[in-house]
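Here subunit A shows up in two complexes: once beside subunit B, once beside subunit C.
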Partner chain A sequence: MIKIINDSPLYPIANPENIAFFGASNNFFSMGSNILQSIVDFGFEGDIYPVHPKEETVQGFKAYKDVMDLPIVPDLAVFVLPTRLICDVMEACGKKGIRHAVVVTAGFREVGGEGIALEAKLKNIAKKYGIVFVGPNCLGVVNTYKKLNTTFLKMEGNPGFIGLASQSGSLVTQMFNYLAQHGVGFSTAFSIGNAAVIDLVDCLEYLGACPDTKVIAMYVESIDRGRQFVEAARRISLRKPIVAYYVGGSEIGKKATFSHTGSLAGPDKLYDGIFRQSGVIRAHSITDLFDYARALGGLPLPRGRRVAIQTHSGGPGAAAADTCGRLGLELPKFPDETIEALSEFVPHTGSINNPVDITYSKNQTDFFIGIPKVLLSSNVVDMLLMYYLVPDSMLQGMLVRFGISEEDAQNGNLDVLNDYAALMVNMLKQYNKPIAGFTFRNLKEQFPQALMANGIPVFTSPEQSVRALNALVTYTQLRQKIQLQQV
Partner chain B sequence: MIKIINDSPLYPIANPENIAFFGASNNFFSMGSNILQSIVDFGFEGDIYPVHPKEETVQGFKAYKDVMDLPIVPDLAVFVLPTRLICDVMEACGKKGIRHAVVVTAGFREVGGEGIALEAKLKNIAKKYGIVFVGPNCLGVVNTYKKLNTTFLKMEGNPGFIGLASQSGSLVTQMFNYLAQHGVGFSTAFSIGNAAVIDLVDCLEYLGACPDTKVIAMYVESIDRGRQFVEAARRISLRKPIVAYYVGGSEIGKKATFSHTGSLAGPDKLYDGIFRQSGVIRAHSITDLFDYARALGGLPLPRGRRVAIQTHSGGPGAAAADTCGRLGLELPKFPDETIEALSEFVPHTGSINNPVDITYSKNQTDFFIGIPKVLLSSNVVDMLLMYYLVPDSMLQGMLVRFGISEEDAQNGNLDVLNDYAALMVNMLKQYNKPIAGFTFRNLKEQFPQALMANGIPVFTSPEQSVRALNALVTYTQLRQKIQLQQV
Partner chain C sequence: MDTIRILIENAVQRGQKTLSEYDSKKVLASFNIPVSKEYLTTTVEEAVQKAQEIGFPVVLKVCSHHIAHKTEGGLVEISLGSTDAVKKAFERLMGEISEPIDGILVQEMVEGKRELMLGLIRDPQFGPCVMAGFGGIMTEIINDTCFRMAPVNNIEAADMLEEFKSKKMLEHFRGQAPVDRKALCDAICAIGAIGLEYDTISEIDINPLIIRPDGKFAAVDALVVLKGENDDQDN
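Our next item is the complex of A and B:
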């Protein structure tokens, strides 16, 4: 049990002051060179010591022929060498006094046969020297607050609040762009690969103690230390939500995870039980995993399961309502005073039932400010879900037809949208109730970007948005259950 | 039963040569003005006759004080007037000899009370004069090949192969941008609103006969003419796939659809049965509806349910495999000759099982051409699903580090990506097997756009892509079943 993050064996791996790098060269097409470039591109501030048998310099850094030649004992060694060299280099690092490593190289347990024996040998060498390492067959670690990125892809976007522990490297790298599109980012992300030494439980403990991490996401192919997982997750989930996506559920999925990291997946129901006991919210797809994480990390928890849906369009509103029904969320009937307050804003062709459907409105301020205020201040509403047509092009087009220049119209429009977004973010704070949006337009547009940058998640379908709100309710319930059991 | 599209009562509505327009003015903020602007913006080539009690001209068109003043009898009348005026104007149109209309105006059956009587009155007037109309409470019709758009949103993107019949107007307008992002588009889309006269079955018949429509999508809140629906759908689905999203399944969903279009939704299972009997593929979300449509409209049908998954990243590959398992798709074991051919391209750290996981490869050509060729030519493979990291930034970054200018690198990179996309499209034709891709990056990037513009659908999650491939299998099965029943 880790109380302070510095106690974690992962701390020096995620927060090294300097790095010895094995496997980079001046050939820009090699994976090692790409990884070194990622570290440099992200602006890592510590010293980097490439070790290379022949080169004098590697990508501008002074290179060393042998680890023994290094002027210091670096905090971390990163290995991107051919498989056959790894054991010898690990041994040399041990002799040098290095105690933390990331082994990116693959070709171990996951390939079967000799790979299994090789991984055992590697573990033994590490054990002999007390070396803690992430991998093999992984992409290592990204700590956005320490500007560290040991993956081969350039970091995109900003530091954020999502901590990730993943048995898939791509769930780290491929998500840089995805999270940036959604206005969120990683705090620290671990790709653990075959998990020879550092496993999911270690990452969970680290992220639980990490002050930059507000929510923990996990991509799980198998949990080997079941008891420790449940114990750690129950403890951590009391103060930090944990979401997990488990991929080995089907027979085919099992086989695929085995050839990926050599993991032995268990039956789907077993994992359902483990997660429920542990207070872990289960996601059923990769997108759900991150959708839930951004809702859980950005929004306050709801007091209940009652959702007010606001729309200007019946179909998407009905689809959201139907999904609420399927997931057990409620659409409260509004009391008289709420209906009265709403009727000021909703034309007679619209609906002041729930979903509130404004249909077509000339006044965007009613839609983005007036109605949300009424709904959020109602004591039968625990959460607000809004469908909106991003009014970019409409508003702008109208201004142009009024004789305003294209450029002025665009700027004026952006100002208006930014104002709406700012007012909605204020409402989030004022009422302390979850607000989420959905749209079918591209999330790169101005309005969703302004909302998402300030903690209001926007989704690309009614179903996704409702599932994310439901994750908030699930977390509240799971946590209450654990709290009750502890009394 | 409609054999030729011109026989449909909808033909003059979707293909008018000229339009009488009621409800546009020179006030650009009114909905009527916006709709007229949409028609103009899209480049409608016929004549437009605005009717306005006071104005001499409306948005540059000569205006007429009364429908009786019109110099001709237009093919179509579009009404965007206040509710209370509609019946009188419909009567006047009838007297003028107009026989087709779109009633955008709301405030009828869906608001209950007097609205119900008003709708009945409107129907009677139309019946008296033999007027066929779409609506009320709708957005009418978009025929991209006739440059007709009676919705209030500007059309985006290109004409395409998706026919839509929708009980929600937003499923027309909000999808312009969505479909354009995905490289597809509508052929003709109908928003039928309260369906006082023209209903889902009429639209189905029209789209079934429409030569520009390769696949029919439906957004359903209730089916009133059940027997006719089943009969028409069974007949049409033999040569054209039909996908439907039914939203009234849950209790909450039912209430929402009632206040939307006054529809009475039935139990979920009933609709399951109706769709299955009719050869209609059921989608369970709005995004699935259009995902299935673009797969069904763009890809050949698979001979079986065997999927080869190709990835450079274990996690997304495993997630896709797991979804295949859950949906009953098979991941075939490759025969020796396929494994031998693959081993040329896959490093020892990768996997030549299914999913084929190339892990990290220096040679993109192997990934985009070499491996797909082997898989598509294998007789155990019916469909190919590829996960890819769009190599934009990586490839470009490497070129820049080689000293090539940013601009040249970008252009060179675009050329390479376009070449890959073109070669993949060739493979689609050559092997006549479905190919689909998925990525977590934004679909606006170059490579997915090039693929999608040429019929290879790209999805934003493994689950979506597998569900879409499964829709192809479902269609094949439903069609076979109907064929057998007819023997």
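Our next item is the complex of A and C:
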């Protein structure tokens, strides 16, 4: 258990002031060179010390023949070297006084045979010198607030609030673009690889204490320190939501068991219970993992499970209602005063029931401000879900009618657009109730971009958006349960 | 050492892989888990006397740690409504067995339409874990189970019952009362406590646990699996 983030063994790894880099050269096709390039591209502000046996300079940096030649003891060493060299280099770093490392290099426990012994040897060397390292066989660390990226892909998008601990490096590096598309980003992300020293629990502790992280996402293949995981997750989930996507190994399934209980204890069922006990929301796909993280990190928690759905098209609204029903979310019947207030906005062809279907928005301000205000102020509504269709072409036409020049309208990023989004965010804050949107349009269009930039998550299907709202409800319930147990 | 610990240690020392049903229930009862009323008997006279004491109908079961799955082996006689029936059943069961046994278990016939299952496993990562689920002979087919890491408290046990897909069976059901939830949660917690207390117990099955018409319940069959000397499970 750590009290503040600086106490975490991961702190110097995620927040180094300077880096010794092993395995980069002037050959731009090598993995090491790529990773160094990512660090440079992101604009890492500390000093970088490449160590290379032959080169005088590496990618423009002065290179050193030996770690002993470095003018300082760097906070962090990054290894992207051939497997056979790692142990010697770790030993040399230890002698130099380096105490933190990222071992990207593979060829250890994951390959079996001699790799297992080699990993044990590496751990022993690290232990001898008190070196804490991430990996081996990993992509290391991304800290967007420290402009650090030790993966081989260039960082894309903005710093965000999602902290990630992953047993797959791909979920770190290949999600930069995906998250950016959805208007979110990582705060800090760890690829833990074989977890020889630093494991999921360490990352959970770090992200729990990380002030930039509002929600923790985890990609889990197996949890080694199970009991510590539950203890840490129960403590952290009281303050910060945790979402986990577990892809089952089969630790128990493989074992012959004597009892019926044993034969029924597939790891999948077991993890269902363990996550629920730990206050962890379980996602069943990568899409859900980040959808839930977007909702949990960006929205206030609902007071109950009652959803108001607002739409101008029957089908998508009905699909959202159907998904609510399947997941146990309620669609409350509106009281008279709400119906009266809504009738001002809804034409006779529409429906004032839930979903509220206005069929055609004659006035965008009604749709995006007037109706949501009525719904959010109703005491039978805990959450608002909006379907909308605002293609760029429609938006531009609308803007032109407002008197904005065609050129400006096409460029987007306009005050009027941001005003809408800002007004919606104000409502969210005023009523302290979650609002989510969904559309089948491309999220790159101006309207979803404006909403997402202002913190309102937009999803690309009714099912996804309702599942994300349901994750908010589940988290609220699990947190209440754990709070009760603290008394 | 308490009597239960002695019972378990002795069984482990003798190399037993399991405890008999009778001994398994002693372990459960020592943690206040309700079990069916029963006596271990060795003579037909004793069996008849105990059956009369319990009240008809009764169940007779062969009791031995060598035999884990009695029903499949035809070693159970149920719904015995008279002294004669008990006598006949006793003779038949004695004639069936080839292994050494502890005796014949004379047991109350627990009424109730609803069957649950409780259990304990040891996971290599999470240690002792408690299970609650749909019980009876359809257990594997229905496959409705919930797990938690021990220790489990009453709030967590109640949450398990919420997670249970068949949770409606815990309410009013065909003229029978809702289950005593508090007692059921206590029993779930107790399973976890047993797992934490006795390292040498590797698994527990209670199946079925029958909910009586008045909402109370009893463990009707139980199996405690012991960790063998050569078992390398490190929990």
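Heads up, the rule we're going with is that the second predicted complex is superposed on the first by the 447 of 487 C-alpha atoms of A that agree within 3 Å, B and C clash if a C-alpha of one lies under 4 Å from a C-alpha of the other, contacts with A are read in each partner's own complex, and residues count from 1 in each chain.
One rule holds in what follows: a contact is a pair of C-beta atoms (placed from the backbone, for glycine too) under 8 Å apart; a residue touches a chain by one contact, two chains touch by 3 or more.
What you are looking at is a predicted structure, and each value in this text was computed from that prediction instead of being measured.
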| item | value |
| --- | --- |
| Subunit A residues touched - subunit C or subunit B, whichever exceeds | B |
| Partner chain in contact with A:485 - subunit B first, subunit C second, else both or neither | second |
| First (subunit B), second (subunit C), both or neither touched by A:237 | neither |
| Contacts of A:188 with subunit B and subunit C, given as first, second, both or neither | neither |
| First, second, both or neither for A:137, with subunit B first and subunit C second | first |
| Touching partner for A:272 - first (subunit B), second (subunit C), both, neither | second |
| Partner chain(s) touched by A:378 [first = subunit B, second = subunit C, both, neither] | neither |
| Intersection of subunit A interface sets (partners subunit B, subunit C) | 251-252, 257, 259-261 |
| Contacting residues of subunit A [partner subunit C, same complex] | 222-227, 230, 251-252, 257-265, 269-270, 272-274, 276-277, 481, 484-485 |
| Subunit C - residues contacting subunit A, complex | 17-18, 68, 117, 119-121, 123-127, 129, 131, 133, 139-140, 143, 145-149, 153, 155-156, 159-160, 163, 202-205, 207, 223, 225 |
| Residues of subunit B that touch subunit A when the two form their complex | 28-31, 34, 37, 83, 105-107, 110-111, 137, 152-154, 166-171, 173-175, 177-178, 181, 219, 221, 245, 247-253, 255-257, 259-261, 284-287, 309, 313-319, 321-326, 330-331, 348-349, 351, 353, 355, 357, 359-360, 362, 389, 393-394, 397-398, 401-402, 439-442, 444, 460-463 |
